[in-house]
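Naming follows writing order (A, B, C and D), and every chain is counted from residue 1.
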Amino acid sequence: MKPLKIVVIGGGSSYTPELIEGLIDNHDVLPVSEVWLVDILEGREKLEIIEALAKRMVEKAGCPIKIVATLDRREAIENASYIITQIRVGQLTMRKSDEYLSIKHGVIGQETTGAGGFMKALRTIPVMLDICEDIEELAPDAWLLNFTNPAGIITEAILKHRHVKVVGLCNNPINFYKKFAKDYQVPIKDVSLQFVGINHLIWITDFSIKGISRLNDVLTGTSDSYQAKNIPNMGWDPIFLQSLDAIPCSYHKYYYQTDQILAKQLEEYKQGETRADQVQQVEQELFTIYADPSTTEKPEVLDRRGGAYYSEAAINLIKSIHLDVKHIHTVNVRNNGAIPCLPNDACVEVNCLVENHQITPLQTGDIPPQIRGLLQVVKAYEELTVEAAVTREIGTALQALTLHPLIPSAEKAHELLQDMFIANEAYFQPILT
Amino acid sequence: MKPLKIVVIGGGSSYTPELIEGLIDNHDVLPVSEVWLVDILEGREKLEIIEALAKRMVEKAGCPIKIVATLDRREAIENASYIITQIRVGQLTMRKSDEYLSIKHGVIGQETTGAGGFMKALRTIPVMLDICEDIEELAPDAWLLNFTNPAGIITEAILKHRHVKVVGLCNNPINFYKKFAKDYQVPIKDVSLQFVGINHLIWITDFSIKGISRLNDVLTGTSDSYQAKNIPNMGWDPIFLQSLDAIPCSYHKYYYQTDQILAKQLEEYKQGETRADQVQQVEQELFTIYADPSTTEKPEVLDRRGGAYYSEAAINLIKSIHLDVKHIHTVNVRNNGAIPCLPNDACVEVNCLVENHQITPLQTGDIPPQIRGLLQVVKAYEELTVEAAVTREIGTALQALTLHPLIPSAEKAHELLQDMFIANEAYFQPILT
Amino acid sequence: MKPLKIVVIGGGSSYTPELIEGLIDNHDVLPVSEVWLVDILEGREKLEIIEALAKRMVEKAGCPIKIVATLDRREAIENASYIITQIRVGQLTMRKSDEYLSIKHGVIGQETTGAGGFMKALRTIPVMLDICEDIEELAPDAWLLNFTNPAGIITEAILKHRHVKVVGLCNNPINFYKKFAKDYQVPIKDVSLQFVGINHLIWITDFSIKGISRLNDVLTGTSDSYQAKNIPNMGWDPIFLQSLDAIPCSYHKYYYQTDQILAKQLEEYKQGETRADQVQQVEQELFTIYADPSTTEKPEVLDRRGGAYYSEAAINLIKSIHLDVKHIHTVNVRNNGAIPCLPNDACVEVNCLVENHQITPLQTGDIPPQIRGLLQVVKAYEELTVEAAVTREIGTALQALTLHPLIPSAEKAHELLQDMFIANEAYFQPILT
Amino acid sequence: MKPLKIVVIGGGSSYTPELIEGLIDNHDVLPVSEVWLVDILEGREKLEIIEALAKRMVEKAGCPIKIVATLDRREAIENASYIITQIRVGQLTMRKSDEYLSIKHGVIGQETTGAGGFMKALRTIPVMLDICEDIEELAPDAWLLNFTNPAGIITEAILKHRHVKVVGLCNNPINFYKKFAKDYQVPIKDVSLQFVGINHLIWITDFSIKGISRLNDVLTGTSDSYQAKNIPNMGWDPIFLQSLDAIPCSYHKYYYQTDQILAKQLEEYKQGETRADQVQQVEQELFTIYADPSTTEKPEVLDRRGGAYYSEAAINLIKSIHLDVKHIHTVNVRNNGAIPCLPNDACVEVNCLVENHQITPLQTGDIPPQIRGLLQVVKAYEELTVEAAVTREIGTALQALTLHPLIPSAEKAHELLQDMFIANEAYFQPILT
């Protein structure tokens, strides 16, 4: 077996230490020889802090992984085995811009859902397609594990416009497994979850422990479900939850509780305390700790950051692919008929069998209308968003945003778009066809 | 050819004189021998006014059509050739209730679109299914032409739950033909329109005069499109209209201009001048004229009522079926694959060939995502609405309403539902499963 | 309206006089100004005979249509309005080769069905795609009416590999209409036929006269159905016909009576009297008559030739397109979902609405398994045949032929292929990938 | 965990000792407490021999499994955990009848493929549906593992007409795994096979060892594939195999080498040495050995019988379901979209994930036309066969048999049907509708 070269694009991210920890812990089965951390000039300082920390971590662990940090993306990609993308085009500043402009126009500002995620996608897709061009040329056999948000839309753009072996990952599914395993005091392998949906809009239509369905425990409120730390939790209307007949994810609140969340965000906005502001603060704390030469392990405070277990998801998947262990992973792949009510070339987040270096989705069967309707309209929005990012047409962008369930009208979409395009001029140049 | 018996259920409607006029005008090709007007006890007075007017109309025209008015629905249906349903369960009072309760909760109150149409469907479907049971028994070969709103949902309920030869009609398509024929000064047969959608949510994806596409005339604003008189007209954002690449119908404003329409309705509500109030006033005026023995023709004021040309649509269709003339009609039928992105058993409004006593939809081809997304979510709402009407389950009703794009949250849906169920206790008894 | 230029590629065909007759008869509504007859060098003699006859015909009729004969295809195509293709690559000699080689190997030799049609397709598709390249360049707005056999496969090849407005025609459907109209003594417009299938494999799943179904008249043998003159007619097993629940076409005999037809062909082969031989004889007779200067009309003997009413089908279609008369035609078009159990990009022969210069298929609904199974396997064979013609791969050709229901094994297919490739070396050069 | 009761219907089969051996070997992980062997009166003698042998086997192994033999099916089924059906309606005598009548009419006689399997299905489906009624009543939570041939058709009949948790099994897939694992000298878990198809008509579209594709080893003849012992092996045409681009199964020979197999069977028939005759002889030998009190283990000669590893397939599946171990099994289940070109309610044989007491098929993706065409026509034949068995209509039976690729005409099908119905009068009473 040839030595493994892992490349992390956006290597200066505060999440990287968790990944390094995971690679150290799994080194006996997954003998990684090199980890390349790639970032851009604006991220050099953070990259250097992470590089130094990563080196201290492997040294302390006595683990023979070579850590390389570089601003030269192509050098890093060359001959890579697995490439992880976790970039943030425009960094936290632009996330803040997305959220503020959204809420200024009276619509929900969220990093991946709604107008925020939309603008992030337009800004990010061109950069990701460029990265994929490099991969096609320099490491055509490498697997690309994409964490860059909005992960489903980004992955769909790559699936449609590049020839790279890409799979989109999210820490949502693994957190559901962890949560239920803990609550029912069983190992994760005893938990079965039937996921249906797309990234950040997944429903669990069945859930069992050791083959006994426990779905009703959650639907009737006997058990609670996994809640992402970064999304307000106001509970569900009991009749709504039971008639939904599926467990929603945290991001469903933006759709099912739009008015309440909006009211909350407007309040935070007035007080200058949006999610972007909080994240910026946590980031500063984290890098202060990371830069401390006495830090030689992943600090606990990282768990507050929102991406818990993301590296575990990544390393589990790499292990399955690399060692051909035939496990089920819930990841973002080409639909190909697995969810029959969505287009074949759409990106979906479903249970997949990893086998024979391929990732094959399991058939989800018929989707009940209460799930189907929302799923289809959001997916159509995503298709238009990918198209808008690639063609840069204002009209397509306007159609995408107008179609989004969180946007109340074409006029509102147009006003918002105008402001966002001004704010993003450095990243995205729209054209009028 | 056997003599034709036409039955109008809801015969006391103010629209009936237009239908009588149409039957008189077409008597040479469509030799109707009897028209039965059926209504319920609460509508007896109106029914008698209409009966008397209809008799004066046929007498004046010297047309040998026998007019019969009755409260006995079964007697009327027996051996009918064509049955037209144009009922309003709960009459205008309940329409007013629907609209007021919606706007009281801050959501758009409209007779067919949104919460108003939803509650109207729940109230109406059980009655319509009862009527269909009578038809199955007493006139199994009769065609049912349904005008009862929300016409698409009602027709879907019948298609799914009864065995009746039903087709849903709306005056929207014929008004587009009339409008464009007039604007381009050509006969209607020279106008071709490619419709895609469901009742009150249809897009025109191509439009031509004598085989030359004129779609861009409308998309660029050179020509304007048909506007229903009962829906506010605020024009379209030019970039939005062009990138939509299809002509929307008047009802699209509720979806594409939600915030503006809502603001307008809230204003009207404050001033006690909703659409229901206007209609009630027009109705009173109409019946005063109808009751006048000197009225022997359809009065002109009827055109202000909103249902222009509905009888022309009905009579054209009856002529096509009856005389097997192989025309294209835009009507509501079982999808059966004509719109591939909707379920086969959904009711859709598309161009159909009427031939051999059958109504066969034309294939619409691929639907672009900006149309597809909205179409799918509203159709899923409609499926759930039909299910809620038939099962009477509160949970299903809650899922339906929550899914509707004009409803901002499950909580709002639940509150609205509770009020509406109280107001409709005489018509609909929900159950908690 | 601009003057109409009609181009007939394969203009030297014995069928052309029927077309000329039709254009003369319809000149008042379809004011054709020029008819260009194109042929290749080998066909010059025939072309000149036809040219002279056509000129005599228009002169006698006093019809101002200019007849031009040419060997320069590009000159003819330039600015054409409608182009009709009726070519026979390799002429009757190669048809004879196809039939003889098939029957020599013990399988049915038929011009369009089975191994004969397969080899004809391989030989013809490259030529037809070349013609289409010229059309794309020189007459991009022209409609191409393809009669070249196997018409369905050829049309599918063009639909998949060129951008030409193509429609495939066959005289089978019009002959069914004519036959039933005559038998029931009604005008054709009173006959409705529900066709499902692909070229030379169409079923009639419903049939009515003035809106009354008459399907059972045929299924029970009270009425008989249209029989192509060039295919043996041995009648149908009554139970088979009734349980089929659809009227088969003449070509179905090759599939449903394979052993009997094969026995018959083997007998003919022994006696040197195959269909190709008969056709060659009829052709000689025809051209002798055509060449006679006293012939100034289409001679009656042409009806024995097998393509009866083909020109009527063509001219009716041109009239519908050109005058936008919104008629239903049964033609070969892209499936696009009309037959849901076949691929969207397959070519199917179904009822279509001609409107707005477009040809839109009507939805056929669910296909019963006895029809579906045969339809799907033959269509898959056709897809592979198109692919084999375009890629020239021996392997693909072998898969196509092996899959055909009339071929008993891969070995037999391979042997036959080897002989056919030798015989067709001048027309088709296979490659081994 | 409650004690496991396993029921074997057709327990007197010569295969049963292999199953008993498997249950003994797996008793540590699968603690079966009772095995009930059920048979009919005609099979009593064999049942008693098997019962005695099974008792000697568990005794020798010191394994606390209680063996019960009974002719009372309902008593056995009550509270069963897993039910295995391996019945042969009409026993070997009727198999012989099927084979002889087929070959007498000049078509391939095979137990599951073609006319033989067809008649077996008609005879067997009513009995299997009766068994399922008992299961619905007496053991509604039990899993039914069906081995009764034709296993795919039988399973489809149950899926469509009963509410039983059924899965169809075949030893074909496991034998492919065993064969390749042995050839490449790796454990089975390192072999990945992508199966597409229906029972006895499965293709392997990809095959890898430890994640490295080895498909071409087989396609180019470097490696050979698994060959069922009961089907003649004449090798594949190299170009055919490579262009098929998939590994066929042994039963494909009936379709791809029809003429050769038929010639072989006609020869055997003349000499009175059909497969049925051979099996009858092997059976006699086996029961002589089984009846010998000194036999206390499964005798080696059983391997010659054709059903090798069938019990391993069954026990592996029971283990996966029972212990929820999330393995992939290639079994017969409701399609549900896994093979998009087949109906959703068809039974297909594909890779499935067993998890959470459910069996979910993996998406197979697009099927190339050379596979699709044959798959679709045989599946349509199977649908009609199920319908014919349930309705008993002669017409439906005739359509089924005529559609089968191994039957040359409707006439031949009809003649064969008449003979078969006479021979099967005790088992199947056809009706003429």
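The definition used in the following text is that a residue touches a chain if its C-beta (ideal position, glycine included) is under 8 Å from a C-beta of that chain, and two chains touch if they have at least 3 such contacts.
Here the structure is a predicted model, which means the values were calculated and not measured.
Judged by contacting C-beta pairs, the busier of the interfaces C-D and B-C is C-D. Computed from the mean C-alpha positions, the centre of chain B lies at a distance of 55 Å from the centre of chain D.
Distance from the chain B centre to the chain C centre is 45 Å, each centre being the mean of its Cα atoms.
None of the residues of chain D touches two or more other chains.
If you sketch which chains touch which, the chains form one closed loop in which each chain touches exactly two neighbours.
Against chain D, the residues of chain A that register as touching in their complex are 189-190, 192, 194, 206, 208, 210-211, 213, 321, 324, 326, 328, 336-338, 340, 351, 353, 355-358, 360-363, 365-366.
Per the touch definition, chain A reaches chain B in the complex via residues 236-237, 239-240, 242-244, 256-260, 341, 369-370, 372-374, 376-381, 383-384, 387, 393-396, 398-400, 402-403, 405, 408-412, 414, 432.
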